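Right, I'll just put the structure down here and ask away after.
For reference, chains read A, B, C, D, E and F in written order, and residue numbers begin at 1 within each chain.
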């Protein structure tokens, strides 16, 4: 956007408490804070909350919190009894700190929008990712949902790219046996594109690749996700030679040691800059929405 | 439960306004209101809100609102810009009327639980439906998700019944052509069980049956859903001879004229009675949960 | 006002659920929604609530909800125990949907203003109605309050028109007899003007006319009310030849079949347009107030 | 009730600040505070708010605030533009101090009940007053509403006592002349009972007596009101020999110097004790309601 | 500031209720109300709350409440069990009346800022007082904290003036004896400047002077405080000849009869005018902050 | 208390997100969560918030959160402009997660009680510490406040122990020189007891010891604090031979490697157990209060 970043001192006291000192008057200003709540998620989240409190008390007229990656987004319902709904808790905490608007990208479940009574905008990196994939499109490609929870997302990729859809799921062949990956749809001699909203430990991707190869897919697998957490064994899994390319965004900063040659990072900078520009000018941003 | 229903006069004034007069003292009582917000949804919802207000002002100590069917649950996110999130609006209205707890069954999206800051319990009719289906289980059956948004639900049926999973989705063969239904997975000579959370107009079911038959499935289709709205052409579609049985619950009262012979209605009465009993006694209800 | 109405698609799904799609960007705009919550009151109210939610989520900077007729306004207190206060419930629902300001006309009880913590403006059609009545003023006219609850309103008309005041009320002559209408004040050979805030079924008007004629009034009765609901037998009652003219406003749309020749509809358009203009320009509207 | 009053030190610091020290543990107790917000209204109100705060922080499980007289109740709407609605402000202040329930007697407008989202019970001294009046009932008595705003209340007395209803109002005979009192209804040789919710300065009563006598009423006027503020010239007005008896309640403590022989004070003690007993035992109090 | 004060009628009804009528349109205006909640504190506070309600309902766009003196600020914690925290109650009441921003000067405890979720600015008269004291600075002066709770404030004066710090406290020499004042630090032949946030009854000052003289201080004591309540015996204590000058601000209006020659009143007018100017223009006011 | 700790699985996902699974039904139970928000403060705080959310959603009837150490308590006011008030933010976060009651021990500022609108109890370890100190009391001891902000606390120790009070503070001898510690009061040949609410890096203690020794104190310094954070160089400072004993509580778990021989840890277990017992039984806890 060509705008300087505001001056602000963010530091930790010896006991780990976050402290913020805003270095210029922001009274009556329209403030945008960009912070992914990626790991270390609790540290990043508290930093964000303390910053919002400081900006509010310094009389910002409107505080827009942009979370390119929304931590705790996978805990969006009670899977069994006596669990938290931490994604809602995060919404309540952001509201309690008095954010006025929240912007995020490719939430694990779009219904998280409804967790907020303050303004919430849900952007999508879908067109960024599919635009790139189109440039490398092959006639033998298929879009693969790595499990039953991601079929809707995979369907969007499949429609955007005009490619067939394949669904993976797991089943226990017999009560005493381990679960194995099953493939619904035809992958024989196909070049799969596994799509997901995020890679965490890479285990799902790894199992998906195995199941796909077992079912006769070509060892030329692409992986396309928005959020690259790449924790624990993820890098090792991705080094698998059957994976030829991994397309991610920079919603989470990727440290140098995680930058494999085969990982291509697409930047959200233009999307977010355009969003800030339009929000500040009260222009429509619906063209940038995910759902 | 063997308990009498509380005495209450619910009527409409000449201008259609709802009026409630509670006929016995409920001061300090633990009140349970059971009302599906099925069509006419706005009338039923306002009735419910007015009742909650009346019970609150009459000093009920706790008001539990049980919605076997939660109207507006399909509007749980902004699909495009400038839309409401009506499922969240309903949550806010129930809260504004001062319900203390909300109970519902098989929500369109489990994340709707997170729309509430008051207590929200999400029950499931899954075991009720699968128990019945097991009794008629055939070795050639497959579980069918009628579109990409229901695969997760279909997967649960498939696991519970030990049957293969099939996914339907739609695709436009060419830009100038209409969308057609595609089948992922093997249905050749199989007896499909289409599962969904609700039947509204039946159009999705109808197209699913066509796509399944085109793909070689046996004309012995079962349909299993929790909520039977059966609006518009739904009954005509269900009369299709390829559909042999439709299993639903009584989350929505089914008027006589909609009771086809092939529709089997399983009752939620035991599930709800058990829920009320446990809530009143502060016993765990997590065994009754959906997710 | 010469301003175009905003583009917006308001429709019902097959199951009766309201859906709104705003067709142009209203981000940062000052939005005015005009909707009477007249019958079908619950449908109209839910439509309004869903629209407010949609406008809020589309980032309108201020949402003013104008209800020329405020449904449920007669349920503004508990008349006996264990009743709702539905007029307050409606205030809470509008607030929960996140309206910023509410404007209404001639509320059944002015104290409804105090049901709101958001901004509430109470306009009056009194000067519109009295201006017309002055044009047909006769020296033998008297202003009539049809029951003891409307005397304050009748007093305002009586002062504005410089006419005597008459009060009707009902009394049971003996425990075993039906209530009859009594007239306090002199109507002998007078031409009565019955005033009220609304006509619903017309029964009160009908009984008032009878009581007035019994007391010797001329069969030249005028009726002046703000809100013309005209439900059930109302039209038949109004066809009574002793009623020579009925003056109402268009706070509630009057369908063609209800437009008797003797009904004169005065339009609130100028009042509301002026209100919107002043609110938008932050000019005083106290001159337009009722109380 | 036979219960001791709780021990509590309520005092003022040198600068007039209220301080409360509760002298016994009330943790987990059901607390009832009885305090009329009569003059000095602001002092009494702040005392009440500070007490509520102290009881809340001392962990009372429920705080019921009983205001036999609700100060500011006559400011319940905006009569012109740019006024407060102080009766609603008081409701908001009681809520902000965290009262759980409010009980009051014969509010100036019953709609004040709807100013509260916390529990609000509205009691009535009507039966107390009419019971007494019945004992002195004379066949020549009429019930008089002293102005157009009290006709509804007067109607209730008139029905309860089986007496005719008379309405007073004021009118300016010509633009350059002062307002004079007019009588609607027949008072010739009648013994009037003027009813109202409160006497403040007594001016309205004084003018009513004049208008009644001018219209031929007997100089044997009774006055019946719930709240006896008796400010400024009130006592002088009441000493008028045409007033034979003034019936009031003890909702406001009447100091000795104001106790004229002709003032009969009926006590609310039984009504309030019964209310506390029933609230504490969760029994119905609707029989005690006003409206 | 050269701006006229807004027109407003503030009066009391006969029963002591506050009434406000704003005499000019303030719709959409940025309103500043300046009112110290000094004695009579409850009257002043209720006046303020009613004014805020009136300005809010008259659609002021932002209401800033400036309390040069914040009544109840010394009740900011529970000193023993079952007490109110009245300073927090006041914060809740201001918020409930819907003030948007509160400004105060030299709060008894700076943590009172945190009692507010609305904007709160805490100004300081420290530089005003120290600037004056510097003009009369003597090499033999010491800054005295009159008790252990004011040492932090005294330290600020001591740093600003470059003078030594002395602390007074009280101790009971033996269980059966009265408390006596003890001096920590050297005051022998020194000219003490006793500093505090407020003088109420002057007892603390009086005891401090005695203890200082007993410890050998010169009978040339200065007293510097922000808030001059001067209640009860305060003036008599201040007339003590050992007190040569009392420096206060006009945060509380000082009536003529309290204006001793030795009392020098510094005006906060410039500080508050500058604050209003900067707030209205959205300029930084942190240079004016206390802490 | 002899009660078992509830069963609960608290774990981290690979990405550091907290997850809680409560292992037994707690529906309708009175739940107490004990967790100090000591370093790692953000991790501990988020754990606590997620637990509260889980307990709330599992229908605990009341959730009491006991923070023996309240992290961020030193950020309780804005020291300069544009800072957060993080102690208030923490209060808002606990409230947003829906804790019902918060208990803490020896807060940095007692006014933090007023940051809460939910119930807040402030306990004190003062009697625990002074009881121990009395057992080792020496006639030559003095109580030392290490800076001007702790004098009030030191005064409480001094009163409880019947010992003289000494105050340390810092001053810059000349603008170009570093600050040095100054001693107010007599420490010559005395055995100082430095008291504070917490030790973080120990720097203040270290400087205090130096200043005391320079002023002639005996090298037999005791340190008594409630919260032992002991970060960074703290242990090294405490190893100083002039420090003979450090008395702390177990409000923060002290790992083995920090347990110097001279550190004596007094346990809060009895105080907290008694608090839980009394809260659960609705008995008074004011005897356990700090202020």
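Everything that follows uses one rule, which is that a residue touches a chain if its C-beta (ideal position, glycine included) is under 8 Å from a C-beta of that chain, and two chains touch if they have at least 3 such contacts.
For clarity, every value in this text was computed on a predicted model and none was experimentally measured.
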Chain located farthest away, centre of subunit F as origin (C-alpha): C
Shared interface numbering between subunit E and subunit A [over half = same, under half = different]: different
Contact-richer chain pair (by C-beta pairs counted) among D-E and B-F: D-E
Inter-centroid spacing, subunit B versus subunit A (mean Cα positions, whole Å): 31
Subunit B and subunit C, separation of their C-alpha mean positions in angstrom: 39
Centroid distance [mean C-alpha coordinates] between subunit D and subunit A, Å: 63
Sites on subunit E at which at least two other chains make contact: 25, 57, 78, 80-82, 85, 88, 92, 117, 284-286
Chain contact graph, described as a line, ring, star, complete graph or other shape: other
Touching pairs among all chains present in the structure: A-B, A-C, A-E, A-F, B-C, B-D, B-F, C-D, C-E, D-E, D-F, E-F
Residue ranges of subunit B touching subunit A (in the complex, touch as defined): 76-82, 85, 87-88, 91-92, 109-115, 117, 122, 145, 148-149, 151-152, 154-155, 158-159, 165-167, 169, 171, 182, 184-185, 284-287, 289, 291
Of all residues in subunit A, those that touch subunit C in their complex: 117, 119-120, 278-279, 282-286
Subunit C-facing residues of subunit B, complex: 13-23, 25-26, 38-43, 45-46, 49-51, 53-54, 57-58, 71-72, 74-75, 78, 80-86, 88-89, 92-93, 95-97, 200-201, 229, 231-232
Interfacial residue positions of subunit C with respect to subunit A in the complex: 25, 27-29, 56-57, 59, 61, 98
